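Labels A, B, C and D are assigned to the chains in the order they are written; within every chain, residues are numbered from 1.
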Amino acid sequence: MAERIGFIGLGQMGQAMASNLLRDGYSLRVYNRTSEKAAALAGQGAKLVLHPIQTAEPGGIVITSLASDHAVESVVLGDQGLLDRLGPNGIHVSMSTIAPATARRLAEHHQKYQVSYVAAPVFGRPEAAAARQLWIVLSGPQAAKERVRPILAVLGQGLFDFGETAWAANIVKLCGNFLIATAIEAIGEALVLAEKNGIDRVRLADMLGQTLFACPVYQGYGQRIATDRYEPAGFRLALGLKDVDLVLQTAASTQVPMPVASLLHDRFVAAMAKGRSDIDWAAIALGIAEDAGLERGNR
Amino acid sequence: MAERIGFIGLGQMGQAMASNLLRDGYSLRVYNRTSEKAAALAGQGAKLVLHPIQTAEPGGIVITSLASDHAVESVVLGDQGLLDRLGPNGIHVSMSTIAPATARRLAEHHQKYQVSYVAAPVFGRPEAAAARQLWIVLSGPQAAKERVRPILAVLGQGLFDFGETAWAANIVKLCGNFLIATAIEAIGEALVLAEKNGIDRVRLADMLGQTLFACPVYQGYGQRIATDRYEPAGFRLALGLKDVDLVLQTAASTQVPMPVASLLHDRFVAAMAKGRSDIDWAAIALGIAEDAGLERGNR
Amino acid sequence: MAERIGFIGLGQMGQAMASNLLRDGYSLRVYNRTSEKAAALAGQGAKLVLHPIQTAEPGGIVITSLASDHAVESVVLGDQGLLDRLGPNGIHVSMSTIAPATARRLAEHHQKYQVSYVAAPVFGRPEAAAARQLWIVLSGPQAAKERVRPILAVLGQGLFDFGETAWAANIVKLCGNFLIATAIEAIGEALVLAEKNGIDRVRLADMLGQTLFACPVYQGYGQRIATDRYEPAGFRLALGLKDVDLVLQTAASTQVPMPVASLLHDRFVAAMAKGRSDIDWAAIALGIAEDAGLERGNR
Amino acid sequence: MAERIGFIGLGQMGQAMASNLLRDGYSLRVYNRTSEKAAALAGQGAKLVLHPIQTAEPGGIVITSLASDHAVESVVLGDQGLLDRLGPNGIHVSMSTIAPATARRLAEHHQKYQVSYVAAPVFGRPEAAAARQLWIVLSGPQAAKERVRPILAVLGQGLFDFGETAWAANIVKLCGNFLIATAIEAIGEALVLAEKNGIDRVRLADMLGQTLFACPVYQGYGQRIATDRYEPAGFRLALGLKDVDLVLQTAASTQVPMPVASLLHDRFVAAMAKGRSDIDWAAIALGIAEDAGLERGNR
């Protein structure tokens, strides 16, 4: 396997993806802020390095899987020389979910070093990452995408290319999360309507998930909401608000009114005000129930 | 096959369903307001009758598949003696999509004649009806449901029972349509955001339909909206508004605020004001595009 | 004073208005469903009658001030012969706040008897009625309006004519109530924003009422909301919802999307669900505060 | 007159205010980015200076009336030594409409130099400033407010103190603009409802402005909207959106859902998308009319 890859960020997602790359024979230099997390991968043959810059080699590929815009920016911009070391022909594959505006800034910065910036955010939880079931959304320079395509194919079950604009994939990722949040709100409203009309909401959620909406989003959130299980969080409510707000900012900057996103913003803000920032974002459904005068026990 | 069935209403849906019943050996007396539509079924062995009351026999089963609340009410209440003739042990299976309040009124009226009222609205288009692929939602008296279950099994691929309250199935049907309308709005907003950010909206719709939302609603409406195909209408926009308003009325009468339904109401009213009542209800997406300053050609 | 007037409905508003007419020398035949209320007026010289029809004389004027659409309809339509007795040249001045659709129906019915229907709903509370400070909105046939103008001038401080369409004045009345409800919502949101930012909300309400919004609606509701005084109700919350819904119905029937009215609908429905139907409609502000995580004591 | 005052920013508002101070005998050192604007004031006795820092003297008072957060920050933070020169006992009275978050940052920065930061945004147009009819909202350290109170009394007809938190006055200003924007939206919706029901909207606006809403905001915007006059702009639509977004940001940061502000955001974004950024913010009413299928000529 010719390519040697640098990998920065070994959270649950990063660890699963790096492990799959090693298993398929890729040679990896890995870095994580806290080194314990990297240890497990060493057993699989990864080379642990002490500084992000050491993951890179001239003209090589570095993948980042980091938790926030800030983390990506501090690794790429703040740190001495990662891009300088990658240099011409180098590729940075950024798999984090970050703001389109951040991606744009990053891409412009990469150009100064002739490094290609490829955005490759994913849909899927850690279990999906481990099982190579991620959906990967892609944008960036054509040649760079061609080169990383076989690598990304190792990580997921599908790869969707959205062209050469660096931040396109980040907007697509936001669109996906917006649609999920809307589905949560709609399910929440429908189930409260059902409940107050004496209809079994678990059965209703079941029916919808087996018929019109036989897809994971409706099946999973339908059950969560029908049974009011919001812990442990699959995706924290505070992060849900952050994504909805990124949608609204991106929309405003391109003059797109998105009334459903605005409504979601208000719903999430209310949930935050009620102290629900750390439970699952589907917990906005509690606010829907409360607005209908329903009590929801200890929450 | 013991049961002989009366069947009233031979629109596209009714014709397909009646035909399947005949094919499975049921003996049918059919009635339609305009008799031409009934002719084809005669060839399959149906007995054509000239008046709705003639479809019924004491203690028998009558199925209605009619276009509006008014049509159902005028057959059942207005006409001389349908319920009187059905009488004790008689069952009326109402497959029309009607208002829960109408269903309630009808059920109460049936009780006076000791006729069981079974609500059985369906999800699915005429093609699904022909292919026995309907989803059927059911509510009403337990014994009556047991007796009609084998008959309904002939018509669809799945039967979902929502208890004994007569109008429960009608509310469930409304919940389904509310969720579809919300999905349309959300897809519409997401695709305009994508478009104004230079992202290929057909590709985005494809991706969503293959990944997070791999279910018919998102696949079908995603493509419709991404390509702005609103004719011929699968479901007329004016009917979409009617259903959204039924949702809002049912919600208000049980004190459930449904802000997304309210937003949909406004969206549909705007589309009506722009003369779009007869094209597909997914055409509310045109308003979303216009609000973002996009022109949509001749519509 | 030539005109003799029939007066039906002696609630707080009706009593105050009838009393002012007597004081100015008009001769009145009054009717109220419960006769005690009429007694006080008898002392002022009013003639009490036992049936609505007795308030009318051929070609005369009858004023109604009743609590609901139903009450107006039952007096006019249900009762034997009020319109028949009024007959050609007769005028019915309907001062109740009723639905435009009801007004339309009534007007059409009056035409059959050649009675003129004049809509004359008012803005103002009982104290304003007593002090002749009502604002009266007017619509109906020109000649009839001319004839009743001096009578209405006795009752209020201003008369606003909105043409000959019978129900125009009712729509104008709804517009006014819609604007008040919106002001309540907006004040509620602004005061919660202020409160959560450590700003004295009474002072803020004061300032607004002395400067930009130096008018009774903002002054009165600003103080109510800033001090959370919702009892006794000046206008019951349930009636507020009724009016918002009339706005939405009128709007829908003429294809006007009114998103603020929709938002108000949801706000009022939530307040109803929380058991607030009988306190002042400004109590929707409690829901705004709760959505922001604020507790409001015993309510 | 003991106090000598520095005055920075001579736009229409600043010029009018500075002129009134000179007329009342205050000694002024004035600075403006483009010096022509300062010339007129020189004729009234103002001393023109070439650099903002020269307006200040140790322990003195400097007033700024600038167009944007950026302008205030660059004068105060970017420039060499304005705060350093003002020093202990110095006061900066910031009359610009800026973001609360900016005001907070500025206040913190002032503390380092022991300069008091007094926020004093105003309600009113240039004509009101010339006529000393401004309403001035005030917040900041008590002693500093006492000292500047006689100066501000020269500029407006009313002074409203909102405590010692530096940015409180800025939030109050935003609340005021939010309420105005909401009134615009509500008037817009009501007038379209009236229009589509055949009611004269100029007459309706008149009536409202004479009765329930006899205050300048409803009178002025009522007429503007009823006659569709959006040029010249009294307040540019783009600035309206900026203020609505500041409201939303401030609200989100203190966890206050403000659904009407969200709705206004969408309305303003749609107006921007339709190219209306430079006409009066009341032009959001055009969107309301368009949503109801009305054409509005050349706009």
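Convention: a residue touches a chain if its C-beta (ideal position, glycine included) is under 8 Å from a C-beta of that chain, and two chains touch if they have at least 3 such contacts.
Just so it is clear, the structure is predicted and the values come from calculations on it, not from any experiment.
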item	value
Superposition of chain A upon chain C: rotation angle, C-alpha, nearest 5 degrees	180
Contact-richer chain pair [B-C vs B-D]	B-C
Remotest chain, chain C as reference, centres from CA atoms	A
Same-residue or different-residue interface between chain C and chain D, half as cut-off	same
Approximate Å spacing (C-alpha centroids) for the pair chain B, chain D	54
Chain C-chain D separation of Cα centroids, rounded to whole Å	38
Between chain C and chain B, distance of the C-alpha-averaged centres to the nearest whole Å	41
Junction residues of chain B, two or more chains touched	251, 255-259, 263, 266, 270, 273, 291-293
Chain C - residues contacting chain B, complex	245, 248, 251-252, 255-259, 262-263, 265-267, 269-270, 272-273
List of chain B residues in touch with chain A within their complex	100, 123, 135, 137, 158, 160, 162-163, 165, 168, 171-172, 175-176, 178-180, 182-183, 185-187, 189-190, 192-194, 196-200, 203-204, 207-208, 210-218, 247, 250-251, 254-261, 263, 288, 291-293
Residues of chain B that touch chain D when the two form their complex	259, 266, 270, 273-275, 287, 290-293
